[in-house]
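Pasting the structures here.
In what follows, subunit A forms one complex with subunit B and a second complex with subunit C.
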Partner chain A sequence: MKLELRKIKVTDLALGNEMKFENGLLTIDPQVIIDGLKDDVNVKDVRVDIAKPGDKTRIIPVKDVIEPRVKVEGTGNGFPGVTTKMEQLGSGLVNVLSGAAIVTIGDIVGFQEGVIDMWGEGAKWTPFSTTYNIVVDISVADGLQPHDHETTVRIAGLRAAEIVGEVARDLTSDEVEVYEMGNIFEETNKYPDLPKVLYVEMLISQGLLHDGYIYGVNSQKILPTLIHPNEELDGAVISGNCVAACDKITTYQHQNNSSIIDLYNRHGKDINFMGVILTPELTTLEGKFRTCDYTAKLCKTLGADGVIISEEGYGNPDSDLLMICKRLEDSGIKTVLITDECSGWDGMSQPLADTTKEAVAVVSAGNVSHVVNLPPADKVLGNPEAIATLAGGWEGCLNDDGSMKCELNAVIGSTSEIGYHNLTVKLY
Partner chain B sequence: MNKDYLIISNNPLVKENFQDTIYFQGTLEELLIKVRDMVHQGHELITHPLGASIRMMFSPYKSILVSSEKKEFNEFFASIAENSIEDYRKNTFNRKTDYQHKNDYAMIDKELLQEALKEHVSLRAIN
Partner chain C sequence: MTYKVLYYVNQFFGQIGGEEKADIAPILKNEKIGPAMGFEQLLGGEAEVVATLICGDNYFNEHEEEALKFIIDAVSEVNPDIVVAGPAFNAGRYGMACAGVATHVFDELGIPVVTGMYKENPAVDHCKAKAIVVEVSDSAAGMRNALPVMAKITKKILKKEELGMPKEEGYFPQGKRLTVFSNERGSERAVKMLVARLKGEDFETELPMPVFDKVEPAAAIKDIKKAKIALITSGGIVPSGNPDRIQSASAQKWGKYNIKDIESLKGGYYTIHGGYDPVYANEFPDRVAPLDILKKYEKEGEIGEIFEYFYTTTGTGTSVGNSITFGVEIGKELMDAGVDGAILTST
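Presenting the complex of A and B:
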């Protein structure tokens, strides 16, 4: 498979009367997005705003973030299995409006959080403060049940990304990232002496607001499955999760999965990157045993020497993470875990909900309990009431001047467990 | 097939919708302790006592499935039940339960329980 991502750099964003791109300036006609999304009878109202890096703007509550793109050569434009008919992803040429993002808002439940501050202290903690954001606020038809509400908002975000992505159809750029890999036998023949490495990406798969999708299939319904890394970079994996703000993997982060890109960059140099296994994080223990056994079996069958595992969320998925780790290490496969920590305000508590002695190589994506101070915003996109939810966790978190304290777990993508975020690890 | 599970819940919406719920009028922490004690008495954990995100720790409500039959003491389940209490206490040390959105939490907990029951029944069919 060979996938080329042609990066068209967006360096400014404006609202206007037409959809166009000129010298880095992306102009959005809100009506085009509104008309496109209102084709869905479940969409009652759409509001389109923009938020640029440095604006004193707060976006809340964020549901998903999606990168606008268009496929100009090859099969599978859009999100096959969800917004377009089923086609194979992973090959071809894609024009990417790099630096732009669709941010969907609209609360499905009142306790939903997920904040993006475009300026100041808050901006430091989320990767989406540096993107030029097209913020799409979706209200749904009255009486819609929660499941249909979630589906409507999720699909509207993906469609908005397609509509904006169309702007890039006839554009060109010299910056092209090429992701190419032959089958496992070809690559192993090329690099017979390099360790064979698989990447296991775990997805929250537990029900309403706690789901992930692969070509439109709810990951709750699958056994762990092997996917070519290019398919994920080409839009095969979609977020349906909007509770775990700090460590949910947004669709944008799947499209730009840092773990995949880093493994690709080292492929043929010091490792032989063999592919991605997508593993559901189920609710029942019996389900967890099944997926963990099955994941370990896939890694063994494929002859992996090493495995990188990334988690999504916190709490019961910690058990899956450690059970997979134990099974792999017991089989002689070296295993590295990427997770975030929930180690209290002072960072001194036990970081995960579970432990195993086999977890000897763990990369921390940050402490979700770390407290940050957010100043008041000039402009709020979304539901200002959600700000009270965000800060309402303890006495003294709301100050008289309108500033507030919140834990990192409320900030979108702040402790991304696939590594697509702003924090780094310090070696001691 | 006989029902092989018990629903232990402090969620009034679950009590309303699932006839045989063992309804427990108490806090989420007290519920976790009750479930831990049941695991020590031999009930197997069917669902993990914790949710999949920090936010769900601030929920006033939770529903957990355990086996209706008491079996041999299982150290693995006991350790999960114990760790869940510790983890809950750690995460709610500074944070208050979010009663303001209790109805939304009740609805989401019920939805997640329904999914867990589907998962359990499908697994039971092949066991």
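Presenting the complex of A and C:
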């Protein structure tokens, strides 16, 4: 499989009367997005705004972030199985509006959506303060049931990314990232002495606002499955998630999965990167045993020497993470885990909900309860009051002057457990 | 303005005497005695040791309550900016006295404390979470090396400068897991760590596995038909409007609500929990906290009675530290009310 991502660098963003890209400036005509999304009868209203790095703008409550792209060669434009017809992803040429992002906002039913601050103190805690954000506020038809409401907003965000991505169809750029890999046997013949490595990506799979989707299939319904890394980089995995904002994997982060990219960078040098196993995080004990056994079995069947396991969310999925780790280590497969911690405001509490002595190599992406103080914004996109009910906020945490105090829990992507951001924890 | 330091030593370093004087009661002297003299020089004029507290090691350990009362009163009276104790090296009783002073001064007066101990001194574990405990050698021969480190840290604390990593500064980790920025994103660190493991090279985990407490289950209820049963949930079920403003994640409090006169939570309650699909719980909150079934059992005589208050909080992301506090507080109320058993539901 060979996937080429042609990166068209977005270095400025504006609203205007047409959709166009010139010398780094991406111009968005809100009406084009509004008309496109209102094709869905469940979408009642759409507002489009922009937020640029450095703007004193706060975006809240954020549901998903998506990278605008268009596939110009090969099968599978858009998000097959969700917004477009089913086609095989992972090969071809994709034009990427790199540096731009669709950010969807709008109240749903949950308490899990997050905050993005584009400037100052808040900016350093989220990777999405450095993207040029096209903020799409979606309200749905009256009387829509919560599950349909979530689906409507999820799909509207993906559709908005496709609409904006179309701007890039005829553009070109010298910067092309190539992701190419033969089948497992070919790669192993090429690199017979390199250790064979798999990446296990765990996906929250717990019901409304807590599911990932693979080619449109709810991850709740699957057995752990092997997927080519290119498929995920090409849009096969999307977020239907509003777990705590800090560590949910947004669609953007699936499209740019940092664990996949960093493993790819070592492929053929230090390791033989064989593929990705997507593993649902189920809530029942039987489900956990089934998926953890099955994941370990896939790793063994494929002859892995080493595995990176990334978690999504915290609490009960800590058990899945450590169960998979134990099974692999007991089979002689070396693991590295990526997780975050719930160590409390003071950092004095035990960080995980479960423990196993086999987990000797763990990367910590930060304490979700770390408290940050965010100064008032000049402009708020969305509803600043939402912080009172977000995971990581509380009633009274928004001050009259617009400043607020919240936990990293509420900040999108801050403690990303696919290692997308650069926080860690030190013992003091 | 120079900062005020109060120094604590035992009878030996307080120049009163050796083991034969170990039972002297605490005294406060408005002068610098023993290590306090050298310590003040190391502060370079930025702070002054205004008084020295001296207490016999045996006295402290055998009359801790009286000793602490005197010491806390004395510290309140002197009202220093910081208290420095020891260093106690590997001395067990002296270490326990320094630890006792450190934890009580910090907890009761909120005054920071710096002390010094040898790594195997059992007192380290008693106070390292509250005080800054500098790692020193096992005997008084290490005094000359210990004091500069203690003085440097003391000055930083007085000037409200951030302390560096425990290893760099020379103190024992307090057990605080602080979030900091790394030069590399998490995935890069993970791949590096895996490659190191596969090559058999050294690597350091960023998260040593926690050690869990084990809770002994209570004895079985002898007669369930007479038992008073309480209902508790971490599923975030609260009265509509969330009157006590319990957080939807990382709870900082719990609530209790009178359920004496209702047959079910339906209608008046909903969930504010941020970690699960709320639709079905909002439809029928008894799915999370089964009051309806308990009421039925109560009527049918299957249980004695239901305790009139229902306890609730949010489990998701709530720190174990907070959970322990909630558990102790709720447990005490249930004990006081003569509750025999509780149904705890999580989500």
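Assume the second predicted complex is superposed on the first by the 404 of 428 C-alpha atoms of A that agree within 3 Å, B and C clash if a C-alpha of one lies under 4 Å from a C-alpha of the other, contacts with A are read in each partner's own complex, and residues count from 1 in each chain.
Just so we're on the same page, a contact is a pair of C-beta atoms (placed from the backbone, for glycine too) under 8 Å apart; a residue touches a chain by one contact, two chains touch by 3 or more.
From a predicted model like this one, the values you see are computed outputs, not experimental measurements.
Student: Could you check whether subunit B and subunit C clash or fit when both are placed on subunit A?
Tutor: By the criteria stated at the top, subunit C and subunit B clash after superposition.
Student: After superposition on the shared chain, which partner residues are touched by A:K124: those of subunit B (first), subunit C (second), both, or neither?
Tutor: After superposition on chain A, A:K124 lies in contact with subunit C alone.
Student: Where does A:T424 make contact in the superposed view: on subunit B (first), on subunit C (second), on both, or on neither?
Tutor: Only subunit C; A:T424 stays clear of subunit B.
Student: One more residue to check, A:T339. First (subunit B), second (subunit C), both or neither?
Tutor: Once the two structures are laid over each other on A, A:T339 reaches subunit C alone.
Student: Which of the two partners, first being subunit B and second being subunit C, lies in contact with A:D270: first, second, both, or neither?
Tutor: In the superposition, A:D270 contacts subunit C only.
Student: Per the contact definition in the header, classify A:E281: touching subunit B only (first), subunit C only (second), both, or neither.
Tutor: In the superposition, A:E281 contacts subunit B only.
Student: A:A14 contacts which: subunit B (first), subunit C (second), both, neither?
Tutor: Neither subunit B nor subunit C is touched by A:A14.
Student: After lining up the shared chain so the two structures overlap, which partner does A:I308 touch, if you call subunit B first and subunit C second: first, second, both or neither?
Tutor: It touches subunit C, and subunit B stays clear.
Student: Between subunit B (first) and subunit C (second), which, if any, makes contact with A:S259: first, second, both or neither?
Tutor: The answer is second: A:S259 touches subunit C but not subunit B.
Student: Under the stated touch criterion, which partner chain does A:V178 make contact with: subunit B (first), subunit C (second), both, or neither?
Tutor: The answer is neither, since A:V178 touches no partner chain.
Student: For the three-chain arrangement built by superposition, which of subunit B and subunit C touches the greater number of subunit A residues?
Tutor: Looking at subunit B versus subunit C, the one contacting more residues of subunit A is C.
Student: In the superposed arrangement, what residues of subunit A touch both subunit B and subunit C?
Tutor: 109-111, 146-147, 206-210, 243-244, 283, 313-315, 342, 344-345, 349-350, 355, 368-369, 389, 392-394, 407, 409
Student: Would you mind writing out the residues of subunit A in touch with subunit B in their complex?
Tutor: Of all residues in subunit A, those touching subunit B are 109-111, 113, 146-147, 204, 206-210, 220, 243-248, 281-288, 290, 312-317, 319, 342, 344-345, 349-350, 353-355, 368-369, 389, 392-394, 407, 409.
Student: In the complex of these two chains, what residues of subunit B are touching subunit A?
Tutor: The touching residues are 44-59, 65, 77, 80, 83-84, 86-87, 90-91, 93-96, 98, 100-101, 103-105, 107-108, 111-112, 114-116, 119-120, 123, 127.
Student: Can you check the complex and tell me which residues of subunit C touch subunit A?
Tutor: For subunit C paired with subunit A, touching residues are 129, 163, 165-166, 173-191, 193-195, 197-199, 203, 205-207, 209-212, 242, 245, 247-250, 252, 272-279, 315-322.
Student: Could you pull out which subunit A residues touch subunit C in their complex?
Tutor: So the residues of subunit A touching subunit C come out as 109-112, 124, 146-147, 195, 197, 206-210, 243-244, 258-259, 261-263, 265-266, 270-271, 283, 305-306, 308, 310, 313-315, 334-339, 341-352, 355-357, 359-370, 389-396, 407-409, 415-428.
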